[in-house]
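In the part that follows, the structures are each spelled out as structure tokens.
What follows is a pair of complexes built around subunit A, which joins subunit B in one and subunit C in the other.
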Partner chain A sequence: MPFNLLVLACISYAAMLFLVAFAVERRAERGEARWLRSPLVYTLSLSIYCTAWTFYGAVGYAARSGLEFATIYLGPTLVFIGWWWVLRKLVRIARQQRVTSIADMISGRYGKSNMLGVVVTVLNVIAVTPYIALQLQSVTLSFGVFAAAGSEGWAVPDTEATALWVAGGLTLFTILFGTRNLDANEQHTGVVTAIAVEAVVKLVALLAVGVFVVWLVADGPADMVARIGASALGHWDLVPSRWAGLTFLSAAAVLTLPRMFQVVVVENSDERFLPTASWAFPLYLMAMSLFVVPIAVMGLEVMPEGANPDLFVLTLPLSQGHGGLAMLAFLGGFSSATSMVIVASIALATMVSNHIVVPLWLSLRPTREVTGDVRRLVLMSRRFSIAGVLGLGYLYYSLSGGASALAAIGLVSFAGVAQMLPAMLGGVFWRGATRIGAMAGVLIGFVVWIYTLFLPSFGPGAIFTAEFLATGPFGLGWLRPQALFGIEGLDPLMHALFWSLAFNIVAFVVGSLVSFPTPVERVQGLAFVDVFDPERAEPQAWVRGLADAEALLVLAQRILGDDAALGFFEMQAQAQGKAGYLPDPVPEFLDALERRLAGSVGAAAAHAMIAELAGRARVTVVDLMRVADETAQIMEYSSRLESQREELTRTARQLREANEKLTQLSVQKDAFLSQISHELRTPMTSIRAFSEMLREGDMPPDMAANSARIINEEAIRLTRLLDDLLDLGVLENHTVRLSLRLASLTELLDRAVRAAAQTRPERDFTVIRDLPSEALFIRTDPDRLAQVCINLIANARKYCDAAWAELRITVRQRGGRVILDFIDNGTGIPKDKQSLIFEKFARLTDQTRAGGAGLGLAICREIMVNLGGSISYLPGQGGAAFRVVLPLQMKKTPEDEAA
Partner chain B sequence: MSRRGPIILARRAYRQRRLRDAVRLLPLAGAFLFLLPILWSSPEGNVTATDGIYLFAVWLGLVALAALMARALGAEEELDTPPLSGDVPEGGGG
Partner chain C sequence: MRQVSADSFPQKAIHGPHQGRIATVGHHAMLIEDEPNIAEAIRFLLGREGWRVTTLGDGLAAEAEVRAARPDIVILDLMLPGRSGLEILTALRADPVTAALPVMMLTARGQGRDREAAEQAGADLFMAKPFSNAEFVAAARALVGV
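On to the complex of A and B.
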């Protein structure tokens, strides 16, 4: 096969994945991707468990050790069939606590301890980086197979360069789709769907090769069984310790590998997918391993002596002259490698950025306040982390020179990540597990793993000399890395697994038994262990009343983005029965906000940020008592009373607020009445005076003309005032006739800006607009909408008190609605006045009496109600900011249709 | 079948509990069956073909049982909206 054809196939395959991921992200943004989040896609995405190591390596493994290869799939099968035990609980906890990675889960369980998160992150990076290198190696090896088979086309670049290109391409893809947003529980719909497509490709490829081998090379299943019996693989040695140990190890790995945790737990968008995955994923694994032994047997039979059994999947079809099938197999292997690398690097980058970069930044920044755009920082740190992780993988690959040591690294990696198992399962099932215990267990297991397995895996002479391996450090025989305490005869992998987990578990249990947990740990432990008990799993760790809602909003905007933060605050405010964007800082709200932020930056960082604004994180006495079982019931009762009291206080305060508002309104109404009498009276007086003068008749003609002009002007002023009042009346009664038609938003805003320029024309005033985003056609009443815009722009011209007054108009489309924001750079509207400005007769300052009777915003509000939209004041934007929301396509109201 | 009366309801709740027990026990049965080949491993080596057929038969059987149970469980949960009431005891067990 010509090499350039191969490269072309790879590139077009990658381009197809790009398109899939891109199209899915687009649909998801428009909320049309419901079917993409189905049990099927979820199950297929789990298939990243089958990497290139299993795609190519399983056949090689089978050729060497018979059926032992199957243990790698048996463990996950048991874990998924037993989903009711562990997976169900992990998924529920992750959804409730907004877990972003396995490090986040462990650190969250043990009192949101970031130190633990750092340790787990480092462990994962060390354990998984070689695994990524292994994928790069398998892709370059498979390139090499095709390159050796034909010499036409381009010359094959050396393997180093191939690996570099592959690593670069994967970095680009992962950054493009893995770090697009920082939202919604760290879920990546586009990537997951692309992974699901790759899952289908690799399954089809392996099954195709299997069918080819059994039915075309051999004569069907019966012949195949006979050939297996006759081959060198007819008998195999079952080593009991390896058979049981590897099954256990793969079961542990499927729970603790960061990439598996990412797809199984973090990307799970619906718990109801689990029952389906519980049988469908084992079925997938079975299908992947069904033809492994036949391919190995036929490969040994057909291929020349000394051929690499790891590549039989490719070389067997090639040697039989089936280039197309080999191509399919190649794409299958390519899929396995790329999907693993993409998800693994996303998972690792999330951990590195949430547990190392962001906390570091939080502690290093000069001021105590949260300044700058945290979102950008987190996204950038994630992008660099992805590049860093892949760079490390490439470095590992090129340093180890693609040596045979890499082949064993898959299982070495499994044993490394399995060190998190005691802390994870212990944390989920045992309330007594503590941070000290978890830290001790993970650290000691990690160290033993490095000493007994990771470093020796480079081979004698690489890091440990052969002499060191044979006699131990300083001649201490009982410390030999592969025979601790003189226990020999065990396979090195089993030896390391046994000792590392034994030390790990003992340290974890003893550490937990002798230490005393902090209050946050105890509350979190309760929330994790009793996650299915809604009464006990909802701890509140925040004291009420210390945080300022507006400061929290500013913080949330910097992390979640403006829209998401405002939407979240509005929803919370509504849940508390308040209008607007600022909910009361009650513990429930702080708790919900913390979890929402944790979905973006991890539990520990979110906790620290809120702690800074809300005062020290404290667990109330009620919570601690709830932890102590014996008095739980009494305290439960009194806490219920407490919460009822709080509820009453809140209601009372809301009533007081409403009362104040009513009183203010009444005062304003009186003021307005006297003002309107005044406004009516002044022109009336002059009209009367001048008309009387005219009636006298003895006046020079130019003076008479002047008097007539004054009378005319005063009459116009009166009419305008009465017009406004009438307009308001009509709008309030919804009897207004709207003339709906399609209108260009750009033209409409142009018109509004021009018209508003007549207000205080002497003033320097900059309007900042984003023309491309305004290119929308909306079906509405353009004259009425323009009236609203003119009013808002004119208000900004009148009242914006900045030296260089600026007004920013932004337009966005969200679903079927258009959002127009008018934000100026003045001091804004004080908080206590924000609720009044849309009321009739309201005017904020008496000194700026720039005409009008304080009806402008009231009219605007009524117009927007009539147009099926709304207008509201946006707090926390730096200046006065108004948000106008209206439907893209306004429907006729029933009255209009009847009319 | 009649759909009223506490006896019927109790029976359904009882079935539901036992179904969950079965779901919990399935992986243990699977582990036992997967480890069974250890018992007949011999020093001369096992016969790959028969072991393989045994292994894949057990595998397929487990998948089929898991699928049946998942479906039954899904149907139960649709009938019974607060589905997670009966599983408090296993919470601390591990």
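On to the complex of A and C.
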């Protein structure tokens, strides 16, 4: 197989995956991809458990240790069959708390402690790095196989260089894949779908090789069974401790490996997927392991002595001259490696960015305000983290020399991440678990793991000398890394697993028992442990009234993006019975906002950001009672009273607001009459005065001409006012005749900008538009829509008080609606005036003579109602900002059809 | 936006029924009115009487201008950009130098409440827009005591 063909195959395969992810995300954005979030895709995505280690290494493992390889599948199978017990709880908690990673889950459970998040993140990075190195190694080795098999095409670079290329390629690929969106939300529909595709590819590849081996190399199943019986692999003597240990280890890994946590818990969009996955995933694992033993047996028989059994999947077809099949097998292995690396590095990068970079940035920035686009920062930090994680993987690969057998490295990782298991499960099932306990357990387990397994895994002489391994530090025999306390004869892996977890659990339990949880920890502990308790009231850690809703909106926009933030705030305001985008900063809202932000930057950072705006989170006496008091009846009663009280408060507030609005309206009605009087009498005054002078008939001719001009001007002004009033009347009664037709939005805006230029024509005024986004055809009344646009642009020209006045017009299409935003760079409209500007004669200061009678925005509002859309003021955009929403295709109203 | 302009009507051009009153030359009216066309009309009407008319387009520094110019009469619009006519009137009445100055209040809103407020603030005369030219001139003359 020519090497360049191989490279080409890899690149086209990667491009294909990228297209799949891209297409899926496009469809998901349009809300068309329901089936993509199905139990099937979810189950297939879980297959990243089967990495290149499983794909190639399982055969090698079987060739070395016989049926023991099956334990690696047994653990996950047990976990999934018992999904009701652990997985369901984890998924429910993750959904409720918007958990972004396993570090986030642990830090969130223990009082949103970022220190714990940092420790878990570091642990994960160290434990998973060898695993990533393993994937590099497997891809490098498989390249090497092809290089040895053929000499055509490009020269194959040496293994170091190949590994570097692979690492670089995967980095680029993962960054493109995992951080393509500026939306830093934690669910990646596109990636998950691509992973599902890869799951199919690797299954098909392994099955194809298996079928080939059984039916073409051997003579069918019967012959195969006979051969297995004859080989040494058939006689595997079971060591119960190792069997149990490995099963436990793989069961722990499926819960705690960051990439597994990512697909099983974080990417889970529906709890109901779990029952399907509970039988389908074990089935997938079975299919993956079906032909492992036959391939191993035939490999040992057919291949020359000393051939690497880890590569039998590739070398068997190659040795039989089946280049095409070998290529398929290669792609299968490549799939396994890439899917693991992509998800693992996305998961690790999320942790590094949420628990290390963002908190660091929060504490280092000079001002307390959250400025700049936080999403950019998060995205950049994730990109750099991905590069860093893969860089570490490459470093480990080149340090360890890439020599160890594949499976051994995988198990080192498994044992490392298993150190999070006590803190995680303890946190989910035991209310008494505390931050101190979790920290102590994780740290001690981690240190023991490093000492007894991780460092020795580099081999004697790399970090620990052979002498050190044999006699211990300073000749202290009981501290020998692979025989702690003189316990010898255990397998090093089992030895390390036993001691690290023993220390871990003891420290966790003792630490939790002797320490006292903080209030936030208690509230969070209750939220995690009693997640299924329907009676449980949401814990509220915030105090009402300290935060300013607009400041919170600005913060949320920086993190979630403008649309998502505005949508969220509007929804929350609606839930409170308020119009507009600014809900009251009640504890429920702050809580919901915190969880929403946590979905992007993690619980600890979200908590810290809101704390800066809302003041320290305080746990109320009620919350503490809720935690301490076990008598549910009192609690339920008090919470019912509480909710009644809040209901009353809310109703009172709504009434107060309605009353305020009525009072304002009544004042406005008086003002309206007085305004009409003023607007009519003012031109009348000039007309009367000059016409009386003309009647006297003794004026010089130029004065007479001037008088006539003034009379004419004022008469026109009167007519315009009457026109506006009549227009408004017709629009308000919905008796207006609309002429609907298809119009180009670009042309319409061109026309509006030109027409509005007559307002304060002397003014330097920049209109910023994005022409490609305007290339839309809208079915509406274009003249009426243009009238609205002209009004908004002219208002900006009149009132925008920036030195270099700018108006930005953005156009977006959302579903069947078009959204036009007009945002200038002035000081905007004060909050108390925002609800009044669309009322008649509501000039902001009633003395401003800005040329109009104050009917413009009132007319705009009525036009938009008539066009089936709306116009509203957008707070928190810097300057004055108006949003016009209208249907892309306006349907005729019944009156129009009748007419 | 503030315009201060002294009227420059050539007095020779004035003839007709008002010819006999040229003797009253020298009265100085200060007009505070933001509608340029109305200001022009008033300037013309009083200029024809031989008066000198100074116009302010807004109320921002009205008292200071009035103090400095010492007019014989102030004609004040009720709705002005910057400050309302009532505020200006109150300030004028509070200052001993201008406390006794004749002030004619103009308003286009013409509601009873405005008239009351103007009288309480110390306006000598309240005139609703639109007005008849003859009535306006007569009222202005009466206020300066011609």
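The working rule: the second predicted complex is superposed on the first by the 839 of 899 C-alpha atoms of A that agree within 3 Å, B and C clash if a C-alpha of one lies under 4 Å from a C-alpha of the other, contacts with A are read in each partner's own complex, and residues count from 1 in each chain.
Methods note: a residue touches a chain if its C-beta (ideal position, glycine included) is under 8 Å from a C-beta of that chain, and two chains touch if they have at least 3 such contacts.
These numbers were taken from a predicted model, which means no experiment stands behind them.
**Student:** With both structures placed on chain A, which of the two partners, subunit B or subunit C, ends up touching more residues of subunit A?
**Tutor:** Comparing subunit B with subunit C, the partner touching more subunit A residues is B.
**Student:** Is A:Gly66 in contact with subunit B, with subunit C, with both, or with neither (first, second, both, neither)?
**Tutor:** first
**Student:** Report for A:Leu648: first if it touches subunit B alone, second if subunit C alone, otherwise both or neither.
**Tutor:** neither
**Student:** When the two structures are overlaid on chain A, which partner does A:Ala230 contact: first (subunit B), second (subunit C), both, or neither?
**Tutor:** neither
**Student:** Looking at the overlay, does A:Leu360 come into contact with subunit B only (first), subunit C only (second), both, or neither?
**Tutor:** It touches nothing on subunit B or subunit C.
**Student:** Which partner chains sit in contact with A:Arg431 here, subunit B, subunit C, both or neither? Use first/second/both/neither.
**Tutor:** first
**Student:** Considering only touches as defined above, state whether A:Asp533 meets subunit B (first), subunit C (second), both or neither.
**Tutor:** The first partner, subunit B, only.
**Student:** Which holds for A:Pro700: it touches subunit B only (first), subunit C only (second), both, or neither?
**Tutor:** second
**Student:** Return first, second, both or neither, reflecting whether A:Met684 touches subunit B, subunit C, both chains, or no partner chain.
**Tutor:** second
**Student:** Can you list the subunit A residues touching subunit C in their complex?
**Tutor:** 674, 677-678, 681-682, 684-690, 692-693, 696, 698, 700, 703, 710, 713-714, 846-849
**Student:** Which residues of subunit A touch subunit B in the complex?
**Tutor:** 66-67, 70, 74, 77-82, 84-85, 225, 228-229, 233-238, 240, 243-244, 247, 272, 275-276, 278-280, 282-283, 286, 290, 293, 425, 429-431, 529-530, 532-533
**Student:** Okay, in this complex, where on subunit C does subunit A touch?
**Tutor:** 13, 15-17, 34-35, 37-38, 40-42, 44-45, 79-84, 108-111, 128-134
**Student:** Would you pull the subunit B residues touching subunit A in the complex into a rising list?
**Tutor:** 20, 23-24, 26-28, 30-31, 34-35, 37-38, 41, 44-49, 51-53, 55-56, 59-60, 62-64, 66-67, 70-71, 73-74, 84, 87-88, 91-94
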